[in-house]
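Shared between the two complexes below is chain A, which pairs with chain B and chain C, respectively.
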Partner chain A sequence: MTNNNKTRRITLTQFNGGMILTKYHVLAGPEGYLPPAAACQGIRLPEVGWALIEGRHVPEQEALSAIVDKLLSAKRPFFFPGPNLLWEWKDGVAEKASALRKLADTAGARVIPMPDYRPKYPMINPAIEINPNHPNLTIWHNKIDVCVFAGVHCHYANVALKIIRGGTDCYTIAICGEAGHEDANITLRNAGIPQIEALTAMVAERRRLC
Partner chain B sequence: MSKAMFKMTTAFADVMPAEYVELVQSGPFGQGYGVADLGSFKELIEEHPLCAGCGLALAVRLIMASLPTPEDTVVVGSTGCSSLAFPQIALQNIHSLFGNQNAVASGLKRALKLRFPDKHKDVLVVAGDGATADIGLDMVMHSWSRGEKLATIMLDNEAYANTGGQESGMSPEGCVLYMAPTGKKFKKIALPEIARESGCAYVASVTPVQPRKLEKAVRRAILVAREVGPTYVQIFVPCPTNFKFKPQETLAKAKQREKDQTYPLREFITPEAQAYLAALEGGGKHD
Partner chain C sequence: MPEQKVVAPEFMFTEAAREEQFITGSEAVREAVRRANVDMAVSYPITPQSESMHLVGDIYAEGYVKDYYRGENEFAVMCSVAGAAMGGVRVFTATGGPGTMRALEMFPTWVGARLPIVCAFFTRGINSPLTIQPDTIEMAHLLDTGMIMLHAEDAQDLYDMILKAFIIAEQTEVHIPVGVFADGFFVTHTRDKVRVAPADIKLPPYKPYSAPVPVMDMENVPFRQMRDPFVMKSNYVSYAAHASWQQEVLAAAERARPFIRQYLGGLVEVENEQADILVLAGGTAVCQSREAIAMAREEGIEAGLIKIKSLRPFPGEELRALTAKAKAVIVPEFNRVGWLSRELRNVVQNPDRVVPGPRVFGGMTMPPDLILAEIRRYARE
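Then we have the complex of A and B:
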């Protein structure tokens, strides 16, 4: 980590009775070996209707707009759908998966699946799959600069997002159906079909205007 | 895991790796395949990073083909050569700390019983001789003494093979290894007999030389562990890397040990397990 990165990542926010309070910024890496979990640096999950951009709490709409910016300005955007969306294990999954695929296609992003969580190193083929234990291999191999996680179980998403922040310069976005991910650069929470369709519409509109 | 989960969403079916597509289309889940069907279905282990001629790799392949209901099976492993293969296997798998495998499996089995009271969820412990007979022997024996309904399989390569070749409790007396240059001074642990005396309802020692026999032992161990009590299968898996023979000689080595009775094949079955198996096998069904 360079000194500049360090300065960018942690800023002083208050001087309170002799105690310096710091604010951690969840920026794209590489942050170095064993980066801290954002939660341990004081980043809280967003409330319902809110989201996180680089550790900052923002209204969901602002995060949607930021995701569109990142997707459309990326050189090699990729979507990483996880088992929750790849396998039709309950009602409603197929519809959500279709909505996400439409978003990826509209944004011109490629899709690499995470079908399960086997740590298949060294046998993994990073050109066609990603596993949460070595996500950096897939990102390096495909030179991915922006990635979107969706349908990955929380504990594995947290591990993978932290590894990506530690070892790559990839910007991470989590479209999370649960409470969100502090370790993503941008995270939504309770993201369902309405949020995904809103993103698709915004991407399509922005492309139309360009 | 249940069979209902093996259906892909159509939105992403085109980007799924071929391995998963094949597992869905022609995998063993819910099919009742066995060793005799090898070559006609997509196997649970596709590739592995183990040495050429590894007897353990062959045994793992045969074990995976012998599972009565792979979709309802969880494997608990431990540190050792086998732990390098398990990440490649398309099965629920827990890697425990070295030697803890039977303790972890005990908790898992009890939890699965509470969560799925009306369904058989097979918990299969597969570990090497170091994890089973040395470092984890206390956990192994206590799980047997407690009557935990687990099937324990030892892959016995008679050494600590992936740490340079140290002797294990299962190495035969006089055995010389890279890191045991003066030869082992003690006898091989008689774990099948210990298992029998510790409460296992079914005990067998086999080799991959006879795949159908190995399959029968693994299936019996799993089935007896469902209803009767703990079971133990010991599989001899010669190691060409540490015992310095050519990879293509693995099966010949195992066959020789069978023949000269230095690796005796045995099977112990309690009367209760015998009656249970007779009812199942007589009816020609495995689950």
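Then we have the complex of A and C:
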């Protein structure tokens, strides 16, 4: 793997009245052998009602629109729903999972579920499986250019998102029900059924206009 | 035991009426745990080298803690609290000195498993010949375990930091252990005025289902990955996964910064920061520094104080800004290696300005005169 010039990733560290200013862009990779955690490059999680696009803090609506752009311009978009959506462990999960399925279908995306994080033996079948510890195998095998994480526990999502950014050119989107993910190219936070349904409606509308 | 009402952390920390008690640091631990809605505490009662975990046992008997037992040794205690935390409950324990060293393997394990354990460390000497006297050298060994490290100056800090540590540790995006450090004996065994919230209120319970990892059973990770670890797979993919995992726990500590600012008022506290001679200290070295600065002022010498409250995450940006114009930064420490001055030299411009000392160790006290002598020396230059 080599650094990809098109990513124009910038890390500036300078003294300005004693404060360090860091500008790091969370762009699609491949970023290199071992990309850093975006949080350690000064990227902060968004406040409620806000989101991140490539490390920039933007209003949630702007991120929703950017997600729709990415989904509709992708050649091979995939959704990776995680255990928080695949197991009916509390009220509302089934409805949220159904809403996500509808979004994937409306966007013409395929789905590879991630029902747990167990190691796969003797080896993963990357055509139909994904594991957070080597998501790059699934992305390379399926030539995925845009992927959506939803319902994946935050630790595993972050582990996977960094590996994807390091070794693939896949554009990553996190529809996070908690605080969001700096390591995704686009992240929502506190995302529930309203945000998913809004995305579905926007995708459908864009498809209708096209 | 009175019926305890669950209140918002902000109410507990800032709005609730406080009662002043004249108590030891160990008793301050007891009062913090009493209000912390702790599910389980495990104790190895020797190495905190204080009665703190005995007193937690007392409030278990009163019904404030749901489960409590004595582990076989310090390593067993730290494994036990890990198991409890993986099972989704709020846990507390304490150790210090040789106990910290004996259990050392578990601290990065807690962090890697994203366990929001709160552990109090009452620091003491670790090397042979055996000593039970205060010394902060064990903190040097913990700086790179990945856990959040808060350093209490006195019993009031200890009470406040333990309660706030639970709330910081349990944030979904943070969710790593917090070590609350206090200098053994100086804090644990001396009485001080401590303002505490009413005993009939407690923090909200831990919410394990917002954790960044699943609540554990035998088939889920992280337990499954302890049985089938990355190291068993000798290939690049496994190495990269472990590397990303390590980066993620560093990121988790970074995400703690806003919560430390929110709940502790910042990673540092400063007094008279415009002075061109600054004293940077943590723990009880802060009290001694404050005294030395007052003595210097009586001689017409101005010096400022930076009290460091959070060692991990380290307040690098704050210290770069605060020390930008200082001609000397004196770093008194209760250990022989001077780990705090090393940390400071790594982040400030012109590190030659960092004065690595005075230092005492092995249980010695630090007379303010030692710090005053350094202040005088740099005032003359």
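Methods note: the second predicted complex is superposed on the first by the 191 of 210 C-alpha atoms of A that agree within 3 Å, B and C clash if a C-alpha of one lies under 4 Å from a C-alpha of the other, contacts with A are read in each partner's own complex, and residues count from 1 in each chain.
By definition in this document, a residue touches a chain if its C-beta (ideal position, glycine included) is under 8 Å from a C-beta of that chain, and two chains touch if they have at least 3 such contacts.
In this text, all values refer to a predicted model and were calculated from it rather than measured experimentally.
Touch criterion met: A:Arg118 reaches chain B and chain C at once. Touched residues of chain A were counted for both chain B and chain C, and C has more of them. Using the contact criterion defined above for the overlaid structures, shared-chain residue A:Asn158 touches chain C, although it does not reach chain B. When the shared chain is aligned, chain B comes close enough to touch A:Ile128, but chain C does not. In the superposed pair of complexes, A:Val58 makes contact with neither chain B nor chain C. In the superposed model, A:Glu88 makes contact with chain B only, not with chain C. Of the two partner chains placed around the shared chain by superposition, neither chain B nor chain C is touched by A:Ala28. Contacts of A:Gly166 after superposition on the shared chain: chain C is touched, whereas chain B is not. Note: residues 89, 116, 118-119 of chain A belong to the chain B contact set and to the chain C contact set alike, using the contact criterion stated above. Touching chain A in their complex are the following residues of chain B: 4-12, 15-17, 20, 47-49, 87-90, 93. Put simply, chain A touches chain C in their complex at residues 15, 17-20, 34, 36-40, 44-45, 83, 89-90, 116-119, 132-134, 136-137, 153-156, 158-160, 162-163, 166-167, 178-180, 182-183. Contact residues on chain C toward chain A in their complex (touch as defined above): 114, 171-173, 175, 209-214, 219-221, 224-225, 228, 230, 237-238, 240-241, 243-245, 247-248, 250-252, 254-255, 258, 316-317, 320-324, 349. Those residues of chain A whose C-beta lies close enough to touch chain B in the complex are 81, 85-89, 93-94, 97-98, 100-101, 111-113, 115-116, 118-123, 125, 128-129.
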